[in-house]
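Chain IDs A, B, C and D follow the sequence of writing; residue 1 opens each chain.
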């Protein structure tokens, strides 16, 4: 698209003198900028990751298989990571975001730890799951969204009464925090936390519309609300849908927020839930920042960087930075809901969020058939 | 309590020379600070307003009587103001806060206006009431709380179908904005606004627990959410009550917040709803800042500056700045709920909020019988 | 200008029934809004204060006279207050701002105190003056600007070596903090503070262009920098003057700021220094908020609400809220500098700052001769 | 230090079943977390980069040699990059920070461009250098610090009158912005900007101690002040030194700030200047975040991760994330000054800044002889 053979770009032709010069520079742990300038100052971002979709029906049996293959006390956690073929080196699903499917059996309780990385969970199936975060036990149901922010002690478990395993999706910024060389890890000295607060305390206190407890000021950099329930989220989408035309790119879309600031739930990762109305086909746009989607409800497809990805409930797919993407709900009579988490808070804190609408063809990309 | 006959206070004795000096200063529109210093630099605040309680059963007939006495087109609005006997000069109920009871008949529609003062309403009785704020029509029910922030066009009315009048409480910062000489007033050029947004649009979009519409950034200094419903407010109190011990001074207390900032609903007035659990008797404290209370549910009494005020549903009372106060729910089996609005955002913006616990007698004031 | 005989304003005609009704309301500490509505909801602000100018040459002898008339241990401080004829009841010079001229003799040292009110000083004449704020001693010279924020222990004195008294202007928000019923006052238990920091410590640390000490975060609501020197202020104006056309209303104008936030020096009062270039005649504008000016350098006149006020060095004048004002430097070859302090931080925190340009006659008011 | 053979860490032993399972997962672009968990969740950060020092006397001749070897119209810019041996893949000096030495001849003028990356310059030698940023021309002298924030048009040049080349150090976040896949690049359509503001306008307006122009609000995410002069910086350090004990880790240290917020100069990079007093030997500490130092004045050595690096004027060295470091000024009678830039704003925005003091041996590391 852009030529580098223009004024303002590096166009130095190799010569023997230059080769000698480059070798001399290398001996001083130095180099000539013009040999790499066009590469490190690209006209626009070219993401390393490729668009991907992981089918839940394919992965679920493999996730369950791990129950037989490893013990939690050996594996730490039984998690099938979803790895982008171009980001294997950093164990990322897209950009610097990690995601995986974790499974536990009734009666199991993993040990408590904390790390500088931030984590979130989106519950897929099973009952009796809970997370304990900084002494607060949270009960979890399908499509609930939970955060375990950086620095918080956390541990997961499943009540003993049930019969079927629980599966949820984990999302973490581990690749980013590792890339930034700022990750720390600690195992809880007692392996498990004492319960220090009422059950679901933060949810009871903070998951209330436009009302805030008059408690001492919360000064931590993440949300005091740790669990966002599917019931109230879906109800919110339906209410908002009746009062908005929606975004041309995302349909009826809401951000999960820190209720004491109105900002992102954590400093490094944001989360959204969007409703595509029956038959809705959004327009394409692209932006810096990476997104991992989880199909919370319904079926349809997304066109990402010119590739069509068909999805149904619990499928997971990703949109790399600066990739055109549009979404389609193929159901004629029912809505579809996409949960997603992203690194937009990073992009916005660093003032490098940038967005562009796709203008040709009424906003719709030409696309190839779904990859298999 | 404090003597002014100490070092650091003014203790100048009048003399003939000084009298002549003061007269000379006065001719230059000047004065000697030491003649007023102890008065204008008090040891602690002494509020002008006195604690007051206005009984709804006494005022209601007089409010209804206004329906017969004046026409809305002459009166602008039919409002019975509640006037503190010590703040008559500024038409305030307490401090620089105004409050009144407004009444309208089914089918009436007042004209639209806007002002630099900020306003709020707490609905008492009747059905079919609505407010239109900046083109959005909001439907109102008993115990709903609505804001009409400074600078917004607003108008009130009652649908034509009903048979009984509607009464609500208005709260405004008019005395403050007048004192600060910053009030402006405009009648809408067409007397009524066009409806520009879906019914209850801001409520549908913003009254959702910890979820925010992904709309363009809201930059105005007040909440985009204009109506706070009683149903969800009472539910929030009950949920929060199950996860907190409550405040020793206020029971289970929540602040109505701007959902996009977590801050006060308007820059000059905040609002709270508090639940006093069955039989609860809070401890006394005092703070700078003034509060107007409305009994949303139940009955009990408050002790304010050593006076007992018995209250029941829809009674209105006030606590002046730096006055000790404690609340009692006398019902053995039911909760009581107090709505209140205040000028705390002013105190906090100006860094003059100050609070003190009452320590003697386990936090309970001795008190006089209820004034009649 | 505006008629109240229009829809949307109160136009109720008195009747015997209404008179009886009003009397009944009064017995319930209530009233009818429509009897006061037009007064308390004015079309625009009408300030209580009148524009004033206090001539230094007239006041200076009276200030010095106080040295003979009262002892500091009796008067607390020897201060001639400048009192607006329409604000005598609140001891204000304009709006809710207090100002006065204070004098001390060499060797005198006033006792330390603190209050919820905020204070500032602008040094006029004499040498050897100092202020001690929270343990830091600050040395003061002519045209230096010093703050003693709310809650800080502070005391003033003059070194013993000199021969002539020192005079400075005090500015305080005492009337405002009293009006808001939030003033507290404390005499220092030892009457004088111990020196706890190096001389001029905050000035050495924080009065540096665009460089901040890497100290623990400053979280107090006011500037850590306590003294703003005239030398660097005047130099800043001259530098800025070479890079700006200046404001049409204020010439080359800069705000004294809190260096760790870029905001106002204190939450209730801001301060500015403006340079009127040789012969400059600004255009008139008006705004909510009140201003007290001190002529730091030069001579000229200001037209305020249609009155001309001629000024020269050390004269003090005021502009009430919402009053048209424009400034003229009558010197053909020299600049004039006006120091001023204001309540704009209050107006802005409360979202009631409002500004308007004067459009007729190229922005210049017709005016009456200077009042004498 | 930490063993991974503990509860809470992954300790799964390979088996044939697991090998088959891992192969199956790989076919689904998935993997087992426990195979990488200990690697991607390290106990603490282990930086990729190694500590480095680049000697100016060694590099200067090679920088000057580039004047003969390449033409600016071919090379874009003649820059010798300083490349960390362990960060060659991303052209970084340390972490995700790039630095290089740029040279231009009198009369040369590079073309204008802009990019999403942010840049800064620290001037080393020569006269007549200038930068034009968004239409403002800034003149530059030795040890001046200049920013060209993300998105601003900028171009560099040297006035024609001089005889010797100019050399300066560039610092950019290019590696970070590339890693975050958010870099954009644009050549100015006219190759050069028109001058739209007075010479050094932002410096004249904003480089003033605690005084801010009363201009319309600056809302961009970076400092409006573009140049920070050495003269006023050194003066600030000397003034601050007289009022502080200094930091145990950094001596007398100040941060270059955005004067309208008191925050970092740009959202991704901060900058500091620190003075080590004669003979000062600081204590060691470590923190997340990377730093590139430039010796602005004096000589001494730093111990970084147990290695001693001797430095003198214009040497450049780096401290990788979470590496112990301490600094020594070996001059008995003169101060030494270290300029540095860092990625602390990233660490702090993302809430992953973490710091630790070195406690053994009075805070001083044992060290190896200087690497050559």
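The criterion applied here is as follows: a contact is a pair of C-beta atoms (placed from the backbone, for glycine too) under 8 Å apart; a residue touches a chain by one contact, two chains touch by 3 or more.
Please read these numbers as outputs of a predicted model, since none were measured by experiment.
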{"item": "Chain C and chain B - chains in contact with each", "value": "none"}
{"item": "Taking each chain's C-alpha mean as its centre, the one farthest from chain B", "value": "D"}
{"item": "Computed distance of Cα centres, chain D from chain B, in Å", "value": "53"}
{"item": "Chain centre separation in whole Å, for chain B relative to chain A (CA means)", "value": "44"}
{"item": "Whole-Å separation of chain centres (CA-atom averages), chain A against chain D", "value": "30"}
{"item": "Per-residue overlap in chain A, given as positions that touch at least 2 other chains", "value": "none"}
{"item": "Pairwise touch network: line, ring, star, complete, or other", "value": "ring"}
{"item": "Contacting chain pairs - touch in the sense defined above", "value": "A-B, A-D, B-C, C-D"}
{"item": "Residue ranges of chain A in contact with chain D within the complex", "value": "6-13, 17-18, 21, 24-25, 28-34, 36-37, 40-48, 52, 54, 58-59, 62, 65-66, 69-70, 73-85, 88, 90-91, 95-96, 98, 100, 111-113, 115-117, 150, 174-175, 177-188, 191, 221-222, 267-268, 288-290, 320-322, 346-347, 349-354"}
{"item": "Residues of chain C that touch chain D when the two form their complex", "value": "197-198, 200-202, 204-215, 223, 225, 228, 232-233, 235-236, 239-240, 242-244, 247, 250, 253-262, 272-273"}
